[in-house]
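In what follows, subunit A forms one complex with subunit B and a second complex with subunit C.
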Partner chain A sequence: MTPASPRRAAILGGNRIPFARQFGPYANASNQDMFTAALEGLVARTGIAGERLGEVVGGAVIKHSRDFNLTREAVLGSSLDPHTSAYDVQQACGTGLENAILVSNKIKLGQIESGIAGGVDTASDAPIMVSEKLRRKLLKINRGKTTLDMAKAALAIRPGDIGIATPANTEPRTGLSMGEHMAITAKKWGITREAQDELAAASHQNLAAAYDRGFFDDLMTSYLGLARDQNLRADSTVEKLGRLKPVFGKGEGATMTAGNSTPLSDGASAVLLSSEEWAAEHNLPVQAFFVDGEAAAVDYVHGDEGLLMAPAYAVPRLLARQGLSLQDFDYYEIHEAFASTVLSTLKAWEDEDFCRDRLGLEKPLGSIDRSKLNVNGSSLAAGHPFAATGGRIVASLAKMLHEKGAGSRGLISICAAGGQGVVAILEGA
Partner chain B sequence: MAFNYGQFVSGGVGKQLATTLGLPRPARLRRHRLGASLVPGEVLVAGHGDAPVADRVRHLLAEAGVQVASQPSTSVAAVVLDLTAIDTPADLETLRGVVGPALKTLAPTGRIIVVGRPPESATSVPQAAARRAVEGIVRSIGKEMRGGGTANTILVAEGADAGVDATVRFLLSGRSAYVSAQVFHVAQPVADIVAPADWDQPLAGKVAVVSGAARGIGAAIAETLARDGATIVAVDVPAAGGPLAEVANRLGGSALQVDVTAPDAGAKIVEHATARHGGFDIVVHNAGITRDKLLANTEADRWDSVLQVNLLSILRMNEALIPAIKDGGHIVNVSSIAGIAGNRGQTNYAASKAGVIGMTQSLAAEQAVRDKGITVNAVAPGFIETEMTAKVPFATREIGRLTNSLQQGGLPVDVAETIGYFAWDANRAVTGNVVRVCGQMLLGA
Partner chain C sequence: MPQQETFSTAPSLAKVFVRAAVAGKKSGSTLPTSELVLAGHKVDRQHLMDYQRLCGFGVDDVLPHTYPHILGFPLQAELMARKAFPLPLMGLVHVENTITVRRSLTSDDVLDIAVHAENLREHPKGRQVDLVTEAIVDGEPVWSGRSTYLARGRGNPDAERGAQAPSMPQGVAAAQWSLPGDLGRQYAAVSGDVNPIHRHALTARAMGFPKAIAHGMWTYARTLGALGRSVNGPSTSHVWFKKPVLLPGKVDFVVDRTQSPVVAGLRATRKPETEHLVLTLDAAR
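Now for the complex of A and B:
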């Protein structure tokens, strides 16, 4: 049963900086710089400089050890009241959406009146680690009490120990990259190259059209000379994408290219949520309500399920709790980690065996109206700075639902590393 | 750092060199500071005949705690002369007799304010001649003054004397530091004149929309209006979002990213200001661009983009803004000296900025606008020290700085202060005016 919610969590607006490609214009920007910029744009747009909010929740998937208090540091560098508390969350690519769930839950419970949920990631300003052997030996030197101890420990370093490691997009338990994992799933579901390229081209075309009609004017704040997502190719077509060589998967059946996979990128996003009372007191129109969220995880390690298939499990659980069917939505925002992720998920929901055997449903969830999917583009075109994607989607969808009208509904689905998925439902106000 | 002549001659070797060679040495201007007295000294008030405005000014000065002097002395910082009652050019002797001696001892950053009546409403030919002479005299005094002093004329329509106070205050204060040789026209107020409770917060409780607010003069306008008590809606194009957010957050206002040339820009501003701030009282049309080229080489898109941003966008936005602005509100447009004097390579820009003047005067006279009690005025900046003018070649820049009576460039805040004055509810008798903020630039005078 659904416990009666004491009150609703309103989404008042969002902001992000345009997403940049790895080693692009934000190559020298830190996570803290970018998240502060995203916060400042949101504060300016909503006119809440000097306001003490209930909390700010952020986070990044790839963090330097010095960024242990990343979000709090960003708040202190922003125009918000420094008495605003903050904390970091990390749930891989689900971070941003999970943060929105956390903030909305606290608002519904009456623990806070307002809060910002967001996230940031840099694939450029990444931490560098030394090899594990060298790290242990360096720590031993550091522990040495006498010069002799330290010299002895230093002599233990061998040329083979020297090496650096950068964060990799690899699952620690399988050694496979995310793309390699996805290639297995795509093959299993028989996702064609053409279908993937079609989805990718649509993502670019939809995002470009959204920019052209000024959709992002109140969702984005320019940063370091960038005013649009750097990855966007307005002239992208299925023909052009069709000329790219596959990069994931092997042999004849390989379908995944750099064009239908998201690029590594840098960026940040933030969303302002509050109680309806707080919104009214601050003259901020409510765009949408954060109805509910759900997270799921799959056992990809033992080959039971594909790495990025967890949203396929999270969504039916959320629908059941809310008493909704998959078709009860005006918009679907399915994060395009890879074009094949979206297509595999949709295919699974249409599949009788999957829905019966895996989801325990009597009949399949069915198809969705594809004209309602990612209508203003998604990660394939915009880019995907891991923890920033949730905030991007929540802010955009809230605006779309507000334009659509009160009572309209939107579904968000985001897959994440570690076999996880975070999904949510928003309702237009 | 770029060489700055004014700084060079203000001390050390530069000062010696300039003194020896008789080169100009710009004075440090007196600018408005919070809590500073209206004038740093006494004000000599005099008049011809029954001088009704002189009485008002004495009363105003008493209220502001300023001493009134009857004789020239070194403690006199300003002269206000009421010539509203002159009948023939022979009466101008009063001016020579009062202002001449006063100039000899006037304190630095002094002010000469001469109040007269419009020549157009004179009842005789000799009276019209005398009235028109005032402007010529004051312009010449502006060129004669040294030490950062300014001279301005106020022409008050018959029966509109009550509206003169705001302009006298503005001209006496540091807010008018870079305004000289201008003619202010005071007429019947379009709505009730309301003096502020605190003259350091003349815009308290007001909401001001400022376009082009991310940088330069626009940012200074936002900052100055906020300092004077207004809540700022800072507007600029999405591409300037970063610096725009910085301005809005620093001032505790809100940022609205919108391209002023978008067909729905006016509606978006109205929607934002109404939803977020319950409406708006002041609009400053400051957004502008330059696309310089000789007319002979100007292509259609270069021509069109400047006219679109600087003029057509304002006309379009006003269709939404004027019905929505609060009654008794104020619209201020930013024109340019180039719109008055013209400028080589700026035909498109001059077209737009001269067009702004025509628009200002015509809109101010519109019955619907007057019925709402709205004033419409324009400022025309001369050489202002901004990021943009810092990039001008050295010689051109120094010529810009030095070819005015104050022998220096103005600051963005100088433009902003005049805009602020146009936005006072105490200033509802000044509408359809175009005031140059140029230190009496030689161009186009």
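Now for the complex of A and C:
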């Protein structure tokens, strides 16, 4: 059990811009532009313009080196009091949720009264790097003290050195793309193509239904002409998804397609958290409480575990600390990096051997009620701008729990590159 | 009622300038009564983004304080290039500008932009005229601008000078900006204002300037952009253009927020006594 927490961290609301596909409407928008827009929408909706918050924590997975102070720059470009401090965090796809953990912890400890957690990513406005050989030679030219030094160094550049590189969705230590890693895990757990396509179709249908009943009206600000997530296909069906060719994995057993994998996307999100006192002072209703969070990592490098399986380890640790079982939740938000990620994780929790050998549990965590899973859609439909996904989920889940009523519970699970995972529990207010 | 002339697309500034350059001498003491209207203008998002980037505004769906001006400027130029307009377009100096934003405008707003000339008057250094631009959404006036131009010439030393510029904020620069040599060409590409004095040192020299000079409206917009996003909400600004900014060049941005309205300005970094512009801004924070 946790030591007695001095006070609770409340979630007051969130905002995001609709997510766009790579090279879509946000192709020319920078991380700073998008995060400022998401932040400003949240500031406007909650009426906190001119307020000095405890902190704003953001970040991006793909970031230009010139954006070292990305979040602080966004704060300065917003209507918040410029005396609001800010910093960037990067924990791959776990960034947004990790930021919410950081802000909520500071609130619980009494270090801050209020804060915004969020994140942003662009797969379009990506930094371009020159080849490593060329980079080293250019740095040498730059170090030259005299024109002659510089000219000599410049002469060392060969045509073959010239090349550009953009960030790739590839694990540096294995050289495998995330999809290729996931294909190994999906095969190991025997995740079928049909099950993946069903989950993907449900994601689109659930997200479309959520839009139709206005669920996102107070969670989103339109941006650059986009009012809904661009990737959403309201008419998606298992039949249509079934026609796509596999893109990850090889041969007969390949099951992962562009339809049951998340597309590269652009977008930003932000969530406002505070103490209950601060919320009352500002007349902002509390939607949910940020109960607890946990991160885990697995050794995917040596084949010991699948790249995206860390949440399978983080959740049982969090449940044990909170004295809860996997079935004690009204909603489950399991980030759909790939449909097979969600399905492998669920299967692992049902598996006696995995739960005993890997998690050290006497009996499996068991199954969840699938009707409580990603009920308003998730990343397969919405898209997944890496660092923005955490804020999307926290804001949506907080609203769902508020609608469900006080004491309702939600579980968040987000897998991340590098074999990491970040998970959290929210409670409705 | 003035006679309205409606345009569905803005006149080409390049053509207007050519027409003005070959036009004969202008004279007279009355202004054309026409009101030129660009009707149903839908904001081009790419154009808006290019403008926001170049002028230091955030890239989002909110129209910058100065944005409707560049939509109306081709109409201003068209009106001033006409025979019935008593002053020569190419010799006019933009000396002052005021803008009032009545409500925050977004890229979804469909704008009617109406321009007319008024208040032709004597000035100690020549004659001045105001070009008034109104932006209207669904019949509601949402934005207005007043651009004051001076035609140098035989002036009347006893003439009214109008509201005097406040003094420039003193002290250290809040920021220093290095303005590239091609800034005039960049702004010309976005604004359509292809006046040769902004484009290149050679063309500027032909017009009597030692180097290309930055567009006044760029310096105005960039200064407002540095004052925070409140400028794009309900607000009023008033700028006085003083000495042109030569390109390439380095300028100091100075601001005094203790005054109400806020006073900000640009001065030359190397010669701080050279003041380029000073403006006041009255905005809800």
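Going forward, the second predicted complex is superposed on the first by the 428 of 429 C-alpha atoms of A that agree within 3 Å, B and C clash if a C-alpha of one lies under 4 Å from a C-alpha of the other, contacts with A are read in each partner's own complex, and residues count from 1 in each chain.
The criterion applied here is as follows: a contact is a pair of C-beta atoms (placed from the backbone, for glycine too) under 8 Å apart; a residue touches a chain by one contact, two chains touch by 3 or more.
Computed from a predicted structure; not experimentally measured.
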Partners on subunit A (subunit B, subunit C) - clash or fit: clash
Contacts of A:G163 with subunit B and subunit C, given as first, second, both or neither: neither
Partner chain(s) touched by A:G190 [first = subunit B, second = subunit C, both, neither]: neither
Touching partner for A:M220 - first (subunit B), second (subunit C), both, neither: first
Contacts of A:G47 with subunit B and subunit C, given as first, second, both or neither: first
Touching partner for A:G77 - first (subunit B), second (subunit C), both, neither: second
Touched partner set for A:A29, first subunit B, second subunit C, both or neither: second
Which superposed partner A:G407 touches (first subunit B, second subunit C, both, neither): neither
Partner chain in contact with A:A37 - subunit B first, subunit C second, else both or neither: both
Most subunit A residues touched (candidates subunit B, subunit C): B
Segment of subunit B that clashes with subunit C, given the candidates 181-189, 253-261, 343-351 or 379-387: 379-387
Subunit B and subunit C contact sites that coincide on subunit A, given as residue numbers: 37, 40, 49-50, 78-79, 222-224
Residues of subunit C that touch subunit A when the two form their complex: 45-46, 49, 58-61, 107, 228-230, 285
Subunit C partner contacts - residues on subunit A that touch it in the complex: 28-30, 33, 36-37, 40, 49-50, 77-79, 222-225
Interface residues, subunit A side, partner subunit B - complex: 37, 40-41, 43-47, 49-50, 78-79, 214, 216-218, 220-224, 227, 283-285
Footprint of subunit A on subunit B - complex, ascending: 234, 238-242, 244-246, 248-259, 262, 275-278
